[in-house]
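Shared between the two complexes below is subunit A, which pairs with subunit B and subunit C, respectively.
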Partner chain A sequence: MRKIRILVAKVGCDIHERGALTMMTVYRDAGMETIYTGRFQSEEGVVNAAINENVDFISVSDLTGSLVIICKKLMDGLKEQGAENDIHVICGGIITDSDREQLEAMGVLGAFGTGYPAEKTVEFIQDYMKDKLD
Partner chain B sequence: MAESRKEEINLDRDADGLVRDATQSHIKVKTIYRPEDIAEDQYEEALGDPGSFPFTRGLYKEMYRNRLWLKSFIVSYATPEETNEAFRDYIKNGMNDLRLLSDLPIQSGIDPDHPASWNSMMCGGMSTYAINVYEKMLEGIPLEGVTFELAHQNVSCSIFFHGMIVAMMEKRGLDVSKLKGNGIADPIRAKLVYASPDWTTEINRRVCLDHIEYAMKHTPKWKAIAPNGVDPCQGGMNAYQEIGMVLAVARQTIRDLKERGISIDDFGSMICSLDAESDFFETIAKFRAIRRMWAHIAKDELGAATEKAMMLKIGIRTSGLSLQWQKPLNNAARVTLQILSCVLGGVGSIDASSIDEAVGLPSYEARMFNLDTQHIITHEANVPLVADPLGGSYYLEWMTDKIEKECQAFLDEIEERGGVYECLETGWLNAVMEENRLKIQREKAEGKRLIIGVNSFKGESGPINKEIENCAYKVPTEQMRTDKIQELNEFKAARNTEKLYDCFRRLYLDTKEGRNVSRAMIDGIAEGMTMGEMVGIVRLGYHISYDPLNMLPTPDYVKEALKEYLS
Partner chain C sequence: MDEEVPMEKSKMQQLMDKILSGDRRAFAQGISVIEDRRKGWQELLNEAYKNMNDHALIIGITGPGGAGKSTLTDKIITEYRKLGKKVGVIAVDPSSPFSGGAVLGDRVRMGTHNTDANVFIRSLGSRGCIGGISEGTKRVLYLFKTFDFDVILVESLGVGQDETEITNFVDVTLVALVPGFGDSIQMAKAGIQEIGNIFIVNKSDHPDAELFTNQLKFSFGDMPVEERPPIINTVASEGKGMNELMGAIAAVVPNEYARREEKARRRIHIEIESEVLEKVMDITRDIIVQKAQIVFDSENKITPYDVAAEMIEGISFQEK
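Showing the complex of A and B:
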């Protein structure tokens, strides 16, 4: 069985990196193949990297409260390139209840607030992928 | 409720006991400290009275009895109007130290019309792209006699916004020598923690010294650098590494200034920003230890002759990282203890985080809670009546000595590795930060470090907590962002291009030819030069791309202004 592949992403000028770094090590410790984009990326760049790296998930972290704006562009970008069924988006950071509704509506699989237990995010991904790893 | 009553009740007297035998920074502690643990400490040498070398017990003889710490927090909402309004309210309620910030794109050195600006524009603060925004933000607020602090992540912002206030004062005919405050402008922290793309470390180090030199001459009450330990600490460093970073940057800055013919006595007291973490005694000991260490470094190593130059003033930002999104009401307890540790540690200014900070930008009421907590500590708990009230505690004095020892070893290692700039370039500082960050993360996952409401004592959020979660400040809409770009374009179009381009040329040439860049920057700012322009033109002076993110070419009008020089 192959390993889950995941791209940890940061978009724009949000410098808060600790959440992204934490998730990177948590995914790695859980046996996933993990890649980190680094900070100051564009949505287009993240989508391209996700396709080139053939990942299952984009895990985007943002602490500015702008995940709705970022995820909308990521979802649109994936659709444009016909990758929306192969690459899934989850996000973490500052998320309000209304953000959560909008994120769900646009097809973001999971939205996890700051302090959400990292191991639960891992379980969520593993659960989702359990029948999909040939 | 009825169902749960049927559950069997197991009451264990010893459940939920301590899980640690070490502090947050992994300093192992005994169960009791006794006189022999601090037997080596001679009172005059190790402590001294408050106001006397080595200032372990505080910088001033009467401490808070004479003058309380400055009460501060960052105020920067999405618009200058809201921010101005908030400043007025907070000042009315006891805030007396105005801490300024801008949104994240400005802090990265780019203007709102840059494509990378969109998703974080007006987030974390205002888009203070040029002087028009500052004038609106500070409308009606006195510029003389007020203490300002610039909390921005990078060196370019500290210089830009100091220049902004100077330009505003000059326009109004005010005396700039009365400008008071400080900017962080720490070249190490800008890269170590933020990887700030605006300028390279080579540029940061040089223009920072230009800025210090200029400020010493023209705005002598402005401390143009305040080495920052808060962010390295939030990034993973422990307490003694945090103060080690501050001391290393402070020491290197004084050495660099010496090469320009400026002595530590000319420079005067040093100021720094430190983190107030959750570990109560360790935090208090850290403040006492760093004052003593700087006094010795300044005197023994850097040749300070005046008492002032041996003093390290401590400004605080309480730990944002310690605040949790689960059951945010608990953050009130965390912040209160952190503020208390600052007062017991004798700091000079406190910027306390807000209970809703893990949820969003702090709301008005959460900020008021911070001020009121400080008023309660002062007027009801009577904590500041006596200077260094914990001085002489066996445990605290032992911990102060211990932190000093550990910090000294860290500083020695930085020196052995070629100094703080070398340690940044090689990535060693980053590795130190990363190693400790991972250690803490694993301890939390393994239940060796309990965070209440997160990995232990979880419970449910009730209506009070839910309300806190829902009242945090909301991010600006996309329409507001579009309007901001429109406003920028209109502002740029209305500038006096002849005068502005002249400033561009001066800034470019001063950068390239090694003159002090400060005056050209201030003149440019007065003419409406934007953040992105200032950053870009200095970059051109170093023969690197105008755009820090390498997404855009040099704008045509900048090329036009500099056409004599750009090949």
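Showing the complex of A and C:
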């Protein structure tokens, strides 16, 4: 049976792990397979992990306000490996309005700020994957 | 997928060709095809079976949850990378029986290898299989054997009892234990002693470690001295005892390589058996639900055994 696979990632020296850990259990309870990279990863490492695990989504969490920088590198990395159409990026954490615009422009599928209901994120993912599960 | 290929090759054959050429992404996708049983998975599995090679040393790591299997795996990867070996890892974690989802956290301990192109780590959910080695894992392992790894590590879901099947799929089985997990009675229970080529007492900086190691040693007391498996004390998080462990692995390898044919025979047997049983279960699932209702409604006038006997009579085997 096809399952949605998600890589929960944390990049750089952000220590705030609660959001990532919470999303992991939320994804699990929604019947998805969640893989966690652990903290302090590089963008290159996250892209490699995503490709090896053949995930549908990278769900990157960051609370230092660096999501634009991180996501840019992730998107570039995925493009370099030719995986940008199969592996999508969503992010959560501290996101300003201008961040959101930039994230959208670079092709990040969803940007969910702090306080956004976790169930809505799950709905978003399930909705997106609806026709892609065979 | 690329379109400009000769018509005679099927999609799965093309994927297999890519995997054989060393394409990591195709390999990762192939694993998903087999694991999820996507369209054409049986064809890919057959291709993998035909194309696998015996080059890689396969090491299984099992033991109870929390014993430090992932951390040990991480350190073993590091040791093999020092020797320049290309390493593949299958890390299995439990799936939730309720949601079907899973948190696959083994990678967290192996984060340092994410940027290493010569290490391929794949996390699998157990998807309903408790203990030992799941159908999915076995099948994925065949695919791993087509990729040119020097070493394949299989970190299996450790329950600690009756998981002898894993030994037939790997060359060397490591059993990771920690002090504080049961006493000599647990040791005396059948199951775990038989499968390990090497026993690891991890977290050996724990105060009870010496006592535990001794109990473990005593539990092999009835075996001839030369047949007793080595017991290695490690503190995996600090990398202590890794040299001893690598030495012990190297020492048992020749002996286990000599058993490869025997294991291959048993594997074939197991595979045919489980394929057939799976099919039978698929066919009978709905009927059993109906029959169970009949038994229940009869208020024990009809027994489950009557029903089973009746069903078994209905199965006919055609001999060719």
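Heads up, the rule we're going with is that the second predicted complex is superposed on the first by the 133 of 134 C-alpha atoms of A that agree within 3 Å, B and C clash if a C-alpha of one lies under 4 Å from a C-alpha of the other, contacts with A are read in each partner's own complex, and residues count from 1 in each chain.
Convention: a residue touches a chain if its C-beta (ideal position, glycine included) is under 8 Å from a C-beta of that chain, and two chains touch if they have at least 3 such contacts.
Remember, it's a predicted structure, so these values are computed and weren't measured experimentally.
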item: Combined model on subunit A where subunit B meets subunit C, clash or fit; value: fit
item: Angle at subunit A between subunit B and subunit C, C-alpha centres, nearest 10 degrees; value: 100
item: Touched partner set for A:Ala49, first subunit B, second subunit C, both or neither; value: second
item: Which superposed partner A:Arg28 touches (first subunit B, second subunit C, both, neither); value: second
item: Touched partner set for A:Thr64, first subunit B, second subunit C, both or neither; value: first
item: Contacts of A:Arg2 with subunit B and subunit C, given as first, second, both or neither; value: second
item: Partner chain(s) touched by A:Phe40 [first = subunit B, second = subunit C, both, neither]; value: both
item: First (subunit B), second (subunit C), both or neither touched by A:Cys13; value: first
item: Contacts of A:Gln81 with subunit B and subunit C, given as first, second, both or neither; value: second
item: Least C-alpha distance (whole Å) that remains between subunit C and subunit B when both complexes are overlaid; value: 7
item: Subunit A positions touched by subunit B in one structure and by subunit C in the second; value: 25, 38, 40, 42
item: Subunit A-touching residues of subunit B, taken from the complex the two chains share; value: 103-105, 107-108, 110, 115-120, 123-124, 153, 193-197, 234-236, 321, 324-326, 358-361, 434, 437-438, 441, 445, 454-455, 470, 472, 474-475, 478, 549, 551
item: Subunit A-facing residues of subunit C, complex; value: 24-25, 28-29, 31-32, 36-39, 95-96, 99-105, 107-109, 111, 114-115, 117, 120-123, 125
item: Subunit A residues touching subunit B - in the complex, by the definition given at the top; value: 11-15, 17-18, 21-22, 25-26, 38-40, 42-43, 62, 64-66, 69-70, 73, 94, 96-97, 113-119
item: Subunit C contact footprint on subunit A (complex, rising order); value: 1-3, 5, 24-25, 27-38, 40-42, 44-46, 48-49, 51-54, 81-83, 134
